[in-house]
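Okay, got some structures for you below.
Two complexes, one shared chain (chain A), two partners (chain B, chain C).
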Partner chain A sequence: MNEDRRRFLKQLGAVAGISLGAGYVSLAPSGWPLSLSDPDGEGGKPREKGLRLPEKGFAVDPSNVLPHLGVARGADLDAMLKAAVDAIGGIRRFIRTGDVVLVKPNVAFERSAPLGATSNPDVVAALVRLCREAGAAEVRVADNPIESPAACFARSGVQRAAIDAGSEVYLPTPSDFRLLETPGATHIARWPFFWRPFAGVTKVIGVAPVKDHNLCRASMTTKNWYGLLGGRRNQFHQDIHGIIADLALMLRPTFVVLDGSRVLWRSGPTGGSLADVREGRTIVASTDSLAADAFGWDELLERKGEPLPAYFAKAAERGLGNPDWKRTNVREIQVG
Partner chain B sequence: MEAASVRNAPSGLGASERRVLNPRPYRVFRKSYSVTEAKAGAVVLVGLAALAAWVVWRGAHPDPGLFADPAATSTGSVAIPVVEGRTAPDGPSRAAAARAEPAGSGPSTGSAPTVVDRGALPASLAAPGWKERTASRFDAENLYVKIDGRADFFLSRGFRSLTFVTLEGPSDAAVDVELYDLGSAENALGAFAAEKPPETKAASGGGTSWYVARNALFLARGGSYARAIGSDESPAVLAQLEALRKAFEQGIAAGEKPWTVALFADALGLPPDRLQYAAENAFSFGFAKNVTSATLDDGETELFVLPAGDAAKAKTLSAKFEEGFLSYGEKVAAAGASWVKDRYLSTFSRTVAAGTMVVGVRGAPVLPKGAEALAKLEKAVLALPPDVAKKAAAGPPSAAKPTGGGYE
Partner chain C sequence: MSAAPTPGPAPAAGKGLSLPSFQARLAPNPDGSPWWARVFRITNIRVASQAFFFGLFVFLLWVTWLSRLKGYPASLFLEMDPLVGFATALSTHTVYRHLWWGLFLLVPTLLLGRVFCNWACPYGTLHQVTGWLFNIRNNKNRIEKNRYRPLFQTKYYVLGVFLVMAAFGSLQIGLLDPICLLVRTFTVTIIPAVDWGLASLAAQGLTAASSIVFKPATPEPRVFAGAWFVGALILGLVGANLFIPRFFCRVLCPLGAFLGVLSRWALFRIDRDVTKCTDCDLCLKGCEGASDPQGALRKSECFVCFNCIDDCPEDALSFRFNPLPSISQLVKGSPKDGTATLGGLPVISKNLAVEVKAPDVPRRRWLFTAVAGVVAFPFLRFSKDVNKRGFHHKAIRPPGSVAEPEFLERCIKCDQCINVCPTNVLQPAKLAVAGLEGLWTPVMDFSVGFCQLNCTLCSEVCPTGAIQKTSVEKKLGLGSYAAKGPVRLGTAFFDRGRCLPWAMETPCVVCEEVCPTTPKAIGTYDEVFTRWDGKTVTLNKPYMRPELCIGCGICQKECPVVDDAAVYVTAIGESRSDDRTLLLTGKKAT
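Take a look at the complex of A and B:
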């Protein structure tokens, strides 16, 4: 009888153990050891190896002598852009013969250029020409707009302007996105990234309009990198300042151009009425996105005296720039 | 032998018990297999091996589509990476470019849901010489596809759907029409007023409020808010905007006049486009829901009203407002009433219960003027028919909320 009871207890224990084990592996939260839980189905997908951008980004060697911020005012966009870039060392400081350059405009919305919701196509074209003249082997223009890419690039005029100036335009398709790893990022440590135009690229230049923004109050050169993200990026609006600080970490460009030819000073980021747009007659080139954006906040959005949006401090804390642009080396030029 | 015998023996178990607790689990009862069985087993094993090999191979060569979230390109559209003869590397041919949508098109195939209906969009929008492209609709789940960054503005104002269509005119002129169904006139007027530049005067009449700001028409009628964005300010565009205004007035139901419009516009003489509606968290007070407010001519004094349900609740809610105002001010007595003076702005606020509603004035720079406006509002509220107060307490229809996975 004892033998039977022992056997019974052993079998009972075995069944209980197996049941508990099975219950644990199936019900334990997905992060727990041996858990089979996969609520979003991601665990069943093959684990893609993430890509990384160069550790120091695409920046050139810093200079202690040259200005960080070149500000050109006037009416001739080509001359203004050249003057602004000359102020921070000239295009040949940044672009060498044979470089493959990616120009990233903001083409987020299907709006015509005068409405100020997108980069000015004439400024994009001027930038492409400048890179070409400096000896770039190839200039690519790419963005992942909010609305239909083909319609946004066409309506904004950026497509035509970029092609005529000698660049190739990359419109996103689903297979153009790869997982990008950004160590230290809060939201986008591993996130789909518009990778195809980056293949083989040696220099990256952002060219962003100056816009009011409904959520983060101002969209300029740092926010512009949002247009390289894929996936359900709209969820980042929950922490818009955090994601912009992540974007500054994700992409360290060769330099940025703040296109202040027009300023969408209210009803951003979409705008729509010409009454919301004013002439800025300013182009800024900078090796420091935060300084350029802070300049735009003060001088182009004309919000001097109002506290900067929180993303400036978040990015500055990570050592990604200096929003105190007045204390940086600034050179202002009047063109024409 | 004896031990084995004990292990294998039933040991007093009945036949049915033996089936449950098999005392000889490892015994092989039949030691040989037929050739047919062996062949069938081999076939099964080969099949399993092939299956395993296929799984391993697929694991090493995953479908690239797996890595591309449908929202990877935000619009989910399959855009064509080519532009008129200059192709991006590996891009499709020039022939493919011809299929790319021209400027002025609506969101491309896949970027917007298939058009099922036009919602409240009137049937004929195009003026002579203009033509209408295919319309598209967006709901709370995919509004970000169309106006990411601006979506929250509408989602917080009762958003239900957006119908979008582009009108194409002469000389490449275009007008983008966005018609937002915001569920109630309060929400439509609220969105209209919030987007209207302060220096712009809106026209109102026949249940429609509207204004033209250079190249664009903004209009609220019934529960709909329309924005028509012209590509420029040419006469052709302005004529199309005027045609749109007429089409909206004729084609969109004005609905019942909101009681708040009757109160602020008819009784107090304030323009309807000054009305602001906050479904919740008005003035950053968590308890302040269903609040309609309007600013007086001085641009600072704000009158507001909200239904409480009954007189007792109105008194309790009124006390909460006073408590809220006191968090950044101090109590002062003036004209036989208790007011709260903002310690930073030196403006005055006061709330009172008026029947089943709460009425208040906020941010009045001059106390007597604030008191006068509040008295007028209180009198007008008390004069409202009882059924209006009852209907007001129910509030406007609630907004369609995204249900996760979409706009989070």
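Take a look at the complex of A and C:
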């Protein structure tokens, strides 16, 4: 009899416990501990908190004395890069001992280096070495290409060159993207961003080739930041100039390198024939990517006299640079 | 696998290994052999061999990727599969590239029997491990489950139908060949699942996980058409072990059947000594093949796992060279009244049959199988989807593929090409696109990926030449291939009703930007246009230049109208066949 009562009470306890527990988690107001209540269905939606890049970007303190634009011409890429960077204050102005540096080349397409559709691997390597010599603790090279990342990095030669020069290459994987907030941006105020290579980064340097582009007319250092985004990038063409102005706002680099060793002067941005490429023999370093790009438009794409693409004015309106490069402080050096 | 005897006293209380028990572990066996004979017994070596080959199999799938391929023979298992070699020889009258490696398996089978099945086959290992891990049977029950059943003939019918069809030019062995099946299952389901798990670990901070993923540097998780079905099939087939041990191997496996037919000539087999055998049936406890070692050994069913030798308490079983097929003439006296002797020793076993040479398939059933294969061929081939009169516009084959009828003679649906494809564009064909005959063969789906211009990896790993080994020069029509022109996969078309500049007053032309040919196969009509809201826009309205289009599909992949792209590729214009040319000037130079 006793056994029977105990069994009954146990069962009753289980019935009451399960009912009350289920009732609590489903009905308790949503602030209460363990509550799962969601009367309007909003609670079940994913909520990703956006990340932000540093307020002032990755730029170093501006200087009124030093040139904004260093232009080196010649054939020895290492010496040219060094001369161009020296012209704007030298690498030690930008990179301090212990810095973690992200170098962002343009490796958007699976093309071998001579076809001019990607950053020249030798220039990327020279830049990595320069940062290393300045005491950077770590140099990373990253891009999110249009075509298959592994194939693009291998075919362009950027992977081999970057690793041999002492950097680590970051290729995108599904878990590498986070939502980035860029306050003030027209289109990409919240957009998936290739975040993993940015974790812990203190300096960012862009290194972009000079390319013809069918829609925005020219793809250089400003458009280069396109490769840091994920998501539905194929919508960007609907307002490509607005997007490039947004990219300038999103990422303010330590400095940029315009790799004019080759110029893809037509059939851009993919190219594919040596006939589309000519020797540029120029490397530009600048703290102002609009000035660098405007220089490239006039002197490397040789489109001086044609109006600048609309994104220059849009970005300049936001105070992100000065496309009137001739009025900025320029230093031109002939190397060798 | 009986436990080794552990004589000696129980270990002393307290931590550590007590000396007496350690000595007991090193004590010789009762028969005088040294202690290490217990460790290095043949069944343990077999387990090591299975682990090695399974590891090798997974490793080779792991290196099947641009950044890892180097010189590895990524398709080794497929190329060593003698059924692949034999069936493609039937269908094409050729032995492609590495397929002669089937000899590496053929010769051991002719010497030792179906050793492959229990020593090397990764799928067999998967089944055996599953059966072992989830075993709930007692020994008596196991013995009953390991008896031979007529159901096990099925695999010979499967093999027969497939081989007859192959002779007509329809290669279907890949549907059930264990290597093809397992490579496909890894490619389509297991690899994406493992990578998903590893990526989640990496996202939790375990960064080392991201370096061992199968498919590094893919910005998006890989997806596959009909993955659920391939997944359901492996779960079903592996789960079947719970009902019939080694269900797939015993009942369905066409490779096992092929090796079973061959093993009638094997020089070695398990032999039962009737002067020792007490008919206790304990040898059936661990018998993987259900090959009746307790009676007349079915050579065609024996996997040579050696469990029976291990389990025999009388030491009556041994693996012997050229044993006698029949002993009844040598036995003197009658086994029924216990007076029988063999070579002077009393015969203990009541069963004097020791060998069944060939598969248990009566001749008339072989005949039925052949007839079934003969009629199955037209049944499949006259399905419109694979017939050249009507094959599907979305059956876009990878670059280097031979023309469709030859493709169906060669493709074993192993999906290695799909595994190596860096952009995920290669997909296993669904029934709706390729019918049953082309099920799981590779087709390109440009809503998922595109054909990377300088990539010929699929042609590199294809074991049977359905995708012929193709150089980049050949693919792009460079150098000595300039006269032939590039490989065309199909042709792109615009759907002006869905195109943003054509139909919606909105600038776009992503398609033109990404078009990789030079000059570009997509041109634009440029127009300054006043929109409905009064704004002035420049619209670049795209059009195709069909002579230049190679059908790579990157325009479709990148089109912002993602659900049903405004530019799309179909197979018309493909350069591999004359049946689907588009332009008068684009005829294949054959």
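The criterion applied here is as follows: the second predicted complex is superposed on the first by the 291 of 336 C-alpha atoms of A that agree within 3 Å, B and C clash if a C-alpha of one lies under 4 Å from a C-alpha of the other, contacts with A are read in each partner's own complex, and residues count from 1 in each chain.
The rule we apply is simple: contacts are C-beta pairs under 8 Å (C-beta built on N, C-alpha and C of every residue); 3 or more make two chains touch, one makes a residue touch a chain.
What you see is a predicted model, and the numbers here were worked out from it, not measured in a lab.
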Are chain B and chain C a fit on chain A, or do they clash, once the structures share the same frame? clash
Between chain B and chain C, whom does A:P269 touch in the aligned arrangement: first, second, both, or neither? both
Just chain B (first), just chain C (second), both, or neither: which does A:P46 touch? first
Should A:D293 be classified as contacting the first partner (chain B), the second (chain C), both, or neither? neither
On the A-aligned overlay, A:P114 touches which partner chain: chain B = first, chain C = second, or both, or neither? first
Could you tell me if A:D239 is touching chain B, chain C, both of them or neither one (first, second, both, neither)? second
Identify the partner contact of A:P172: answer first if only chain B is touched, second if only chain C is, both if each is, neither if none is. both
By residue count, which of the two partners contacts chain A more extensively, chain B or chain C? B
Considering only touches as defined above, state whether A:E147 meets chain B (first), chain C (second), both or neither. both
Can you tell which stretch of chain B bumps into chain C once we superpose, 224-232, 260-268 or 332-340? 224-232
Which chain A residues come up in both lists, the one for chain B and the one for chain C? 109-110, 144, 146-151, 153-155, 171-177, 213-215, 230, 232, 234-235, 237-238, 267, 269-270, 272-273, 276
Touch list for chain A against partner chain C, complex: 109-110, 144, 146-151, 153-155, 171-177, 213-215, 230, 232, 234-235, 237-240, 267, 269-273, 276
In their complex, what parts of chain C are in touch with chain A? 65-67, 199-200, 202-203, 210, 213, 216-221, 422-423, 450, 452-455, 500, 506-510, 512-520, 524, 540, 554, 558-560, 562
Could you list, by residue number, the parts of chain B that touch chain A in their complex? 6, 11-13, 21, 23, 59, 62, 64-84, 86-89, 100-108, 111-112, 144-153, 174, 176, 195, 197, 200, 213-216, 218, 227, 229, 231-233, 407-408
Flag every residue of chain A that touches chain B in the complex, lowest number first. 3-4, 7-8, 11, 45-46, 48, 108-112, 114-115, 140, 144-151, 153-155, 159, 163, 168-179, 192, 196-197, 199, 213-215, 219, 230-235, 237-238, 266-270, 272-276
